[in-house]
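What follows is chain A paired twice: with chain B in the first complex and chain C in the second.
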Partner chain A sequence: MDIAAQLILNAIIAGAIYSLLALGFNLLYSTARFFDLGYGAMSVAGAYVAYTFYNLLDLSVPIAVLAGVLAAGTLGFVVEKLVYRPLRARKATHTVLLIASLGVLIVIQAVISIIFSSQFKILSKDVNLEPVFNVFGGAITQTQVIILVAALLIMVALALTLKYTLFGKAVNAIADDEEVARVVGVNSERVIGVVFFVGSAIGGAAGIATAFDSGIYPTIGLPLLLNGVIAFIVGGVGNVYGAVLGAFALAITENAAAWFLPGEWKFAIAFLVLIIFLIFRPQGILPK
Partner chain B sequence: MEYLIHIAVLACIYGILGISLNLVMGETGLISVTHAAFYGLGAYAVAFLLVGFGINFFLATLAGMILASGVAFAIGVVFLRLKEVYYVLGTVGSNVILFSVLLNWNSVTRGPLGIGGIPRPEIFGFRFSENEAFLLLVLAAVAITYAISVLITRSSFGRVLNAIREDEDVVSVFGYSVYHYKLVIFTIGAAFAALAGAFLASYLTYISPFSFTVVESIFILSIVVLGGLGSGRGALIAAGILVITPEALRFVGFTPDIAAQMRQVLYGLILILLMLYRPQGLLGRFRI
Partner chain C sequence: MNTKSKAVVGIVAVLLLIAGWWILGVQGTPEGKGPIKIGASLPLTGEAASYGEMTKPGIDLAVREINDSGGIEGRPIEIVYEDDKCSSEGGSSAFNKLVAVDKVAAVIGPVCSVAASAALPIAQKSGVPTLIIASAPGLTKIGDYIFRVYPSDSLQGKFAAEYVFNTLGKHAVAILYVKNDWGEGLKDTFNRRFTELGGTVTLSEGIVQGRTDVRTELTKIKASSPQLIYIPLQPDSGVAVAKQAKALGINAPLFGGDFFDTKEFTTPSETAGILFTIGKFNNPEEFKARIKSETGADSAILTPLGYDALKVFAYVIGEAGIDPQAMQRELSDLSYTDGESQPLISFDKDGDLEAAQFEVRVVKSGKSEPFEK
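For the complex of A and B:
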């Protein structure tokens, strides 16, 4: 097996998952205007619901994935209604929202640990039976191909929705200026509710993909969230294409670093990328 | 009785952490999620110097405080120019990186195994080996930390810090170098976090990197939020509450793993409920 080819393939798959994380986060941020740390928990919740349906209830993959995605979306919607909306109504500062969302992240992760134990879980059942494809000397599993295709489909669907539907236009209007959007008749509260459903569902999809690809544990919410946030900042805050670009830049750097450093440093490398960008190019690769 | 003293020692250690983070976060308005890293540096410095070289605890503590200050100074130089949430992420990143260093620098920190056999403090031939004596020592440290924090907040330096929290642009218009003020208080806060770490290492006689994760930083942050921003006394009371309350869970009869997760649920809920109903915390003087 060619190591270079393998690292490139790994970078592409990681990049696809980070893209989803960054896109969901970008959606939430551009409308609600704060760093929703609870987003990481929605990814984990989606992954664990899929795990329940697939591994525990023995249902088929599509049903499990659908259940996980819907669960993540619903959870995001409910948390927005119960926690963030009352805070926004009271004109709470960003710091207050940030700390509240931190609480959301901790509570949901801990509840998942209580239900499922903090053990590492993987969604694939028969890892050895899975077909493996050979691409330029690197190996890619069937699951990874499906993840890649699904991620691409979600990205395209999201881009089209934002560009051509009324909902997408409402989202863009709120992202530009919420007050003006409200003045011209956009029901911003309702749009933000839907955005939390969709954004969290995309986060859930990323969580499920991670669970299939490399496995999950309850506290993976924070790393997932931070990978999404780093991609989001590196790409350029509020820029949809930038988020994808940032995700791949992050994935490529992480996998290139895997040449020189053991895997334990991966997360530290991700932060090093973020820090370098914050210092030298805080507006990201593609500023909005 | 032995158990009560144990709880009291832990509450004191977290009291020091709470008071010192309050200086940074409460008085100056810098939401820092890296306090556990400085706490860890203090603990590791003491463990390394006591076990490896048999240096006196108090000298080693001083060395730990200087080390943490130095690292904090370097981190501060990089991050304190960043605004709001970027600063928060930068601090999360430095915690992640310092944790990776503690975890992977095997020759100095012994990696995930941690360092054991750390002796108790000794001065003029008297060894604080009894927990009662140790408690008195930690209480003295809390008193000193609290006194210094009061001195700082009542000084003209402290008033500038408070002004920075309220509106840093105005402060810089008046000719104060906001950046340098932030750097000084960030460095002082780190030194006291290291003091707490020194006591932890010597008290438990064993430390491992897993006590100094981002999650621990979040716990220290919840102490300050519960106590109320800008209240050293609040931080002390909150440290007591947050250390004692979860102990009740032990008596309800949860298994240790579940009890640990219930603690997380509790901390998370405290953050959410405080943000919803009492954002200024127990004794806070300021709104966030």
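For the complex of A and C:
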């Protein structure tokens, strides 16, 4: 029994981080309409800024997390302004934007390696003091509980914002049809700028969560991004709840499969899930 | 593309070819004149960078001593460092550059087995005598130009199995290893010796290099109730395992391999108390003082090895010249007793150290120290 409980907990923790990744990516994709690989780098940048504030400058956790999230958001905003916007203005195709975003990913990772070295870093001070909770015989640490709660809060806040605020309506309008949105008076460039800030900030939160939970290195951006993308596709493009559901579906499948298969198959399982969904249910887990 | 831009591209291409030919042509050292070039392929960045940082001061000191006393038959030694990043791509590009561009007479390194397995075929094919510090069992079998100044993991895995079974008295262990040349080598030799002794391996799980979420593997391991978990992992996964095992309430002690002797692993508080095996070498006080005053660095476990590796090459070149075949023969018959790291450096028919010793160390207050049970 306690093994099953632990496996479910493991899946929930992984699912919470995947959810954050998928939510941010979902937001960017539904407005900017291209596969922004640079998103992976925002997660890593956020995590390293939090690391700087927490481990190097010895500031408190909330300040470090806030700094990391804001830095990731700002970086996303700036990259959008400097790289993607000029390309969009030039009517660049999605392929061009995709390749530009790959460039963004590589450049940011390289800069992080230069500043912080490519060594593995962990965002924690003394694990022996950290409370561990017992849930039906499985163990979950305080950090993991916080990550889980934060992920759920961000999901709810995002869903509410998109549904009830003017900004949310503008995002939805752009997601439906950017040109029509512009015709009816939505300032799409401004909205996309804000979306990049918010989406990248959520990505940064995911990176920081990973750093607290298991540790980071400069090139972890791509694996993070891929998990987010798979959850996003499984959940259904453009669907906030779907992204979270997809994230948990992915995490549960991975952890359940790892129980029967050696752990080295984990990534292969994730991509198998992706392929199955792309072929048999491209609209995602939820009915349209 | 119009004719004009085609012409420009053509001219640029020709210029690049000429530049490449010029660089290659100039950099090659003609026999008999100028400095003797020796290459060193070390991890200078990345998670294994501390191994490179440990080895370098030893090599630097040896070079300085040799050149200050007039070089080898009047020719100074010039050392060319390449960063192999402890990766297979890094290893092969480092060796390609050292062998083809710098035309070195000999190479020290790699320290990482992953880099070595990609790089050593290049050294063997080009006939460049190479002294490696990497430890995966199969590496010296790549060819007769490969010699190793560090004990092979086939001995380390065996030593770890005997220590766990006899000294620690743990007879049921689980293994969690990194899936690369080094981790699989240790897993295989540990497994073989441990079952030979009558122990049981409750579960053996491999994870890919760089994985840091190991909760599911640890949950499986916990369910198999081992008395100890053998973790030949690299520092990143090692720290994650230490942390997650604690969170999962696993009380079985963790026992690692020689990758754990780096500050990446020993600094985080969660790794305190973890034991690991590592090659045992001398690091005399007098040598430490010399390293400190000449290079400013602290002499760590691999520093005397780097020093000895360079001194061995200097000795071999002094005896045999820089003809690769003569150097290879000299190394095969070597019996070097002036080393700092060990009393005798001599190689068996595979090119492995004939006398190899290990010790068990423990992580304590951010550092590692010899462990006494």
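Points to keep in mind about this one:
Everything that follows uses one rule, which is that the second predicted complex is superposed on the first by the 285 of 288 C-alpha atoms of A that agree within 3 Å, B and C clash if a C-alpha of one lies under 4 Å from a C-alpha of the other, contacts with A are read in each partner's own complex, and residues count from 1 in each chain.
Here, a contact is a pair of C-beta atoms (placed from the backbone, for glycine too) under 8 Å apart; a residue touches a chain by one contact, two chains touch by 3 or more.
Keep in mind it's a predicted model, so treat the numbers as computed, not measured.
Superposition model on chain A: chain B and chain C are shown in a clashing arrangement.
When the shared chain is aligned, chain C comes close enough to touch A:Ile122, but chain B does not.
Of the two partner chains placed around the shared chain by superposition, chain B and chain C are both touched by A:Ser113.
When both complexes are overlaid on chain A, the residue A:Ala205 reaches neither chain B nor chain C.
Residue contacts after overlaying the shared chain place A:Leu105 against chain B, while chain C stays out of touching range. When the two structures are aligned on the shared chain, A:Ala258 is found in touch with chain C, with no touch to chain B.
Of the two partner chains placed around the shared chain by superposition, neither chain B nor chain C is touched by A:Leu158.
Judged by the touch definition given at the top, the superposed model places A:Ser214 against chain C, while chain B stays out of reach. In the superposed pair of complexes, A:Ala14 makes contact with chain C only, with no contact to chain B. With both structures placed on the common chain, the touch criterion links A:Leu225 to neither chain B nor chain C.
Steric collision with chain C, judged by C-alpha atoms after aligning on chain A, is confined to one stretch of chain B among 39-47, 111-119 or 165-173, namely 111-119. Shared contact residues of chain A, touching chain B in one structure and chain C in the other: 113, 117-118, 262, 264, 267. Within the complex formed with chain A, the chain C residues making contact are 45-47, 49, 85, 179, 205-208, 210-217, 219-220, 222-223, 235-236, 239-240, 243-244, 246-249, 264, 268-270.
Within the complex formed with chain C, the chain A residues making contact are 3, 6-7, 10, 13-14, 113, 117-120, 122, 124-128, 130, 132, 139-141, 144, 213-215, 217, 220, 254-255, 258-259, 262-264, 266-267. Within the complex formed with chain A, the chain B residues making contact are 31, 78-79, 82, 84-86, 88-90, 92-94, 96-97, 100-101, 103-104, 214-215, 218, 221, 225, 257-258, 261-265, 267-272, 274-276, 279, 287-288. Taken together, the chain A residues at the contact with chain B in this complex read 34-35, 83, 86-87, 92-100, 102-111, 113-114, 117-118, 219, 222, 226, 229, 233, 262, 264-265, 267-268, 271-272, 274-275, 278-279, 282.
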